[in-house]
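Here chain A shows up in two complexes: once beside chain B, once beside chain C.
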Partner chain A sequence: MSQKTYTYYPGCSLQHGNHAYEVSNRAVAKALGFELAEIDDWNCCGATEYFSLNRLPAYALVARNLARAADGGATEVVAPCSACFLNLYKTDKHMKLYPKLNDQVNEALGAGNLSYKPGTLKVRHLLEMIITDVGFDMLKDRTRRPLYGLNFAPYYGCLIARPDNVLDSTEQPTLMDQMIEVLGAKATDFHLKTFCCGGHMTQISEETAYGMIHRIIKNAVDSGADAIVTICPMCQMNLDVYQGYANDMFGTKYEIPVMFFTQVIGLALGLSPRELGFGQEFVNMSGLIDKIQSSPPPKAKAARRPKEALPMPVMPE
Partner chain B sequence: MSEQRVGVYVCHCGHNIAGTVDVEHVAEWSANLPNVVISRDNKFMCASTGQEQIEEDIKEFDLTHVVVASCSPHMHEKTFRNACARAGLNPYLFEMANIREHASWVHASDKDGATNKAKSLVSAAVHRVIHQEPLQPMQVDIRPETLVVGGGIAGIQTALEIADAGYHVYLVEREPSIGGHMAMFDKTFPTLDCSACILTPKMFDAGSHPHITLLSYSEVEQVDGYVGNFTVRVRRKARHVDEDLCTGCGSCWEKCPIKVIDTVFEAGLGSRKAIYRPFPQAVPKYPIIDVENCTYYKSGKCRMCEKVCPTEAIRFDQEDEILEVEVGNIVLATGFQLFDPRRIPNYGYGRLENVFTNLEFERLSNAAGPTEGKIVLRDGVTEPESVAIVHCVGSRDKNYNSHCSAICCMASLKFAHLVMEKTGAKVYNFYIDMRSISKGYEEFYHRIMEEGASFIRGKVSEITDAAHTPEEEGKLILVCEDTLIGRPRRVPVDMVILSAGLEPRADAQEVGYMFGAGCGDTGFFTERHPKLDPVATVTEGVFIAGACQGAKDIPDSVAQGAAAAARVLATISKKQVNLEPVRAEIDESRCSGCRICNNMCPYHAIDFIEADGVSRVNPALCKGCGTCVAACPSQVINGAHFTFDQLIAEIDGIMVDVTAGALEVV
Partner chain C sequence: MKAAEKSTLFDRVVKATPGGEALAQCLQCGSCGGSCPSAVDMDHSPRALFAMINAGMEDEVLGSNTPWYCVSCYACTTRCPQNIPITDIMYTLKQMAVQRGHYDHPHAIKFSETFIGFVEQRGRGFEFGLATRYHLFHRPKQFLQPTQVFKMGAMGANMMRRQRLPVRPVSIREIDQLQAILAKAKVVAAKEMQA
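So, the complex of A and B:
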């Protein structure tokens, strides 16, 4: 593959609290042979709140990033954070749908000698980009340390799945599940894969937030996962940083590492934990490496249904 | 051209037209159109006074042509043609301008525009009508035999009514037995009478009636012809059992070593053998061999059924048979299919073992079903202590089907009753709106409420096994917003029944196409008129009945079956039917014999006559679609009632500047 360069919008979280994500994205990009070129002088996407506070400035704030990206001649922009992705995606889409909004936003951009024509950029999430453009075949091909024996709960979070279907399903997407299996590990049947992690609710109502965090952690552990895989810095932070608080509130003792999907890919590619930003997390993830087995574990036999049991519905092809 | 004298009648249709179009103005303006001798407006042209006005005027003003500007010709063309005929005017000298569907209804917010458009349409009709010529309908004989497709309750009813009247019926059923969905049920709402007890006598009658040829395990492959004279090709799939010898004794399926999950009759909840009869009361009583699962067809071994058959009726080498039947009328009664709830992944069907469909529950509750009527969880032994019934699964939901499936509220109530009666479990109904509209239904709803079922008004957003609290552990939790208390709720239960909706059959489009019946936007077959002609289709001689026309319950299916039978019997007793004279004719003196039209014709109505070197239209097969008229490179095919002169005149008429005072063609 020739070295492809993607216009990249890292977002604020990756600069600070979730620096590990940035580190592993860069490492994986290098190993897989593509480049992430940061948009020059980008700004915050407004996160999840700004749109509910003051809509027009919120759109303008996001559109400034689109304008700067398009200015450099890009036709697509990649974001590793689901909130950033959604805001960029939504702004582009709404500017196209609502001509009046388009005019107003462009008037605001004009103050900084910028403009943006909706539809110029295809907004993509890093997960979708890697799966589509790099592809499963290449991932498999480049795997140096198959993650045999590891069980991952694929956690998509709520922002990428809705409202538009950018993955394969809004309710039960499976793209990351497939990716995990390609890397040699097992994706668990994790029912709450598109549930909300609570977002910034931790700052508003701890009780509500910890309830939401706890149910996801519990469901992941119940599904048999050794770790949760996330694709969004917000999700990772909530499940990792607040895991202890949620435990305290519910009297549980969960200790499940919460990884970024590029850290999982990186491990399989044979990169070192240091290269992937290990060690910045609250719930230690290094222990996972010792759990990797040298060969695929024997396929668990489907539990035999008792003789008197009724058949399960026959799944379609 | 001798003197033309046109009468124009502009209808108010109450406020339907007059509320938007300035009807009086249109009538006054039309009086100045060429050849118009009288122009009037009228509140309701279709009423007897309107029709009589036309008749009187024809006589008084010696009218040669008539134009009515009102609704769609689908609605009232016949009405006004008849009025003309009564006054001695050939009905094809009448023309209709549709100023309701095409003007007032679609331009309600633009009165001037709608009025102008109405004027254009009237002008078009007036210009056209003087070129119309008297035509005579063609009479054809009606064959007294009838084809009924689908042997559910609707098809059975149709077949019996016609056969009882003494006329022969071919009843074609795709499955090995007739009975349809009703044969699967335990009880039927609202009376809770046993489904089999009321259905099987009818099945038996249909199977043994001297005037019914039952073609089960068969499918229609091709339909040719027209009302009164259809030729239908039926494939009789090989049963691999000789029906003349088989007694239905059952030795073969008792001894057959291959067990297969029965996804049709048992809704996947029970099994059958590789040679099987779907259920004990099946009609006909003969089994079939399921070739895909039978060992003999895989390895050439086994032949157990053959060994044990006391009458030597097994025929491994039997092949499909093709049968051709001639019928005068056709009734489609192909029913519905169940919405597949796997399409709603958040309801967990297929993943969470104790989520059942309504059809699965029918089998669970049926004494002849896999659990002999015991209501138990998927483990086959545990009785549930709490059961949730989710209404509107895949119905009234823009993501899936926007239509209401009509029967689910009542069937859900039936389930609630059966669960409470048989297990004493607590029952929760999750509904959006309760719809209990037919006779005895609202009373049934109250009865079930009094019996103690709970009703929660809210659409279930998900069904999950992810517990929040210790009480939820090991349960299925239904999450919804209870819209009556205005709060989100989580209700843990042992078992969930999904009231999946009724959908058109997956092949409805193709089947409809074969018979000339269209499918509307919900996918069910379209009736000729939703209110006034609910069992006819746009194709003469093809009728529809039962759930293939739209989701409905058994009483309505039976009523439609009987209605379709009455329509068929009426045409049979007329013995003859008039065919529209609107059809194509080839001017053979100018035909070059290129045959382009032969292949274009969708009805195979044009033959090439070798001896004369020209093509000729079979008038009985031609439907007047006009394809050949447009295709003919020599322009020598004439579409009666749609001639070049008529169409050009119509265009001239529509080009008249309706806003100017002067009547000039622009």
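So, the complex of A and C:
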């Protein structure tokens, strides 16, 4: 792949509480040979908050980013945050589907001398972009430190899997599982991979949020994972920062690190933990590096019948 | 205005929601409530709420906590056999409850308003300002309990130590452009409300 430049929408969270994600995205982009160029003077996507209060300004807020990206000559825009991704994707899609909404949003954009024709941009999530454009072959080829012996619970969260099927399934996607296996690690059988992390509920109704967080963490630990891999800053924040609170509420002692998927890729590419923004997490993840083995663990043998079991029935001759 | 001339709750919900027409096709199957991760805390399941919308129970619907416990995860939307945009209908119900003025679940509204206040002012979210302003001004009773103050203070300190809670807000360059767009959008939205 030649040096390709992608128009990039980082989102507020990557500039504030989840700077580690931004650091690892940049490091991985450099190592894999593509560039991330920010939309000029982008603004917040409004998360789920603006749509709850006033729909049209919420669409207009997102559309300003789309319009500025299209003005810059972009044909696609990549977002690493699932909420930002969905807002950009949904605004573009709804403007295309509902002509009246399109007129209204463009009327609002006109007040800032902007306009946006829906369909101009293809909105993509960074995970889908890396898997599709960089590809598993290249990831395998560039792997310098295969993550043998590590078990990861692939956690997709809601807003990339739903409401539209941009990965391979809305219920049980497997693309990130495959990516983890390509990097030498094992993806565990993690059932709640698209269960919601609770979003803003940690601020509004703690019991609701901690219940959801606890369910995800318990399921990940039960699946045999050493760490959870996320693709969204909100999911990382909820599962990592509030893990202790969920433990307090349920009387559990879970301590499972929550990593960004680009940090996992970066580790396999041989980048140092510092280059990948390690150290901002609440549940320490540096210990994972010591768990990496030099050769792939032997495959578990198929379970054999115990000696004391009753004999198999035999067909009469 | 005579009662007969007033459009029904159902019509208003459908009109305000992109793709809302599908609500007429609700089978009352309950896939939505069964898929919902926060349904346990709702006073009516989404299915029940849709039956209530159909029955025109405006006070009960707009006073329900159901939309405010919706976490926008779209599990119901993808599983709905009739392709009803359930999450978007929840957004509509939240807006209608806010416009109606008297609501029983102020936390979620205040959180959204505080969040958006920073976005409208600066063009970017501001987590430190959001956390302090929201908890101090809108949840003082919970916040000012000694255990809670200690807990949140420790959390804030831990976040700051890890450089996850910058105290200086960021503003975009062309904030005038954004504010002009949002002001215009509000005018257009208000005009449609009256029509």
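Throughout what follows, the second predicted complex is superposed on the first by the 301 of 317 C-alpha atoms of A that agree within 3 Å, B and C clash if a C-alpha of one lies under 4 Å from a C-alpha of the other, contacts with A are read in each partner's own complex, and residues count from 1 in each chain.
Everything that follows uses one rule, which is that a contact is a pair of C-beta atoms (placed from the backbone, for glycine too) under 8 Å apart; a residue touches a chain by one contact, two chains touch by 3 or more.
No experiment lies behind these values; they were computed from the predicted model shown.
Within the superposed three-chain model, A:Val314 lies in touch with chain B and out of touch with chain C [touch as defined at top].
After overlaying the two complexes on the shared chain, residue contacts for A:Pro146 are found with neither chain B nor chain C.
Legend: residue contacts after superposition of the two complexes on their common chain; A:Asp189 is shown touching chain B, with no touch to chain C. Contacts of A:Pro57 after superposition on the shared chain: chain C is touched, whereas chain B is not.
In the superposition on chain A, A:Asn219 makes contact with chain B only, not with chain C.
More residues of chain A lie in touch with C than with the remaining chain of the pair chain B and chain C.
With the contact threshold set out at the top, residues 171, 211 of chain A are in contact with chain B in one structure and with chain C in the other.
Residue ranges on chain B touching chain A, taken from their complex, read 261, 263, 268-271, 340, 342, 344-346, 348-351, 353, 357, 360, 364, 370-371, 376, 378-381, 464-468. Considering their complex, residues 12-13, 15-19, 41-44, 46-57, 59-61, 64, 94, 97-98, 101, 104-105, 107-114, 158-159, 162-163, 170-171, 194-196, 198-201, 203-205, 207-208, 211-212, 241, 279-282 of chain A touch chain C. Every residue of chain C that touches chain A in the complex is listed here, in rising order: 16, 18-19, 37-38, 40-41, 68-69, 71-75, 77-78, 85, 87, 91-92, 94-95, 98, 107-109, 111-113, 115-116, 119, 123-128, 131, 134-135, 155, 158-159, 162-166, 170, 172-174, 177-178, 180-186, 188-189, 192. Across the interface of their complex, chain B is touched by residues 169, 171-172, 189, 191-192, 211, 215, 218-219, 222, 306, 308-316 of chain A.
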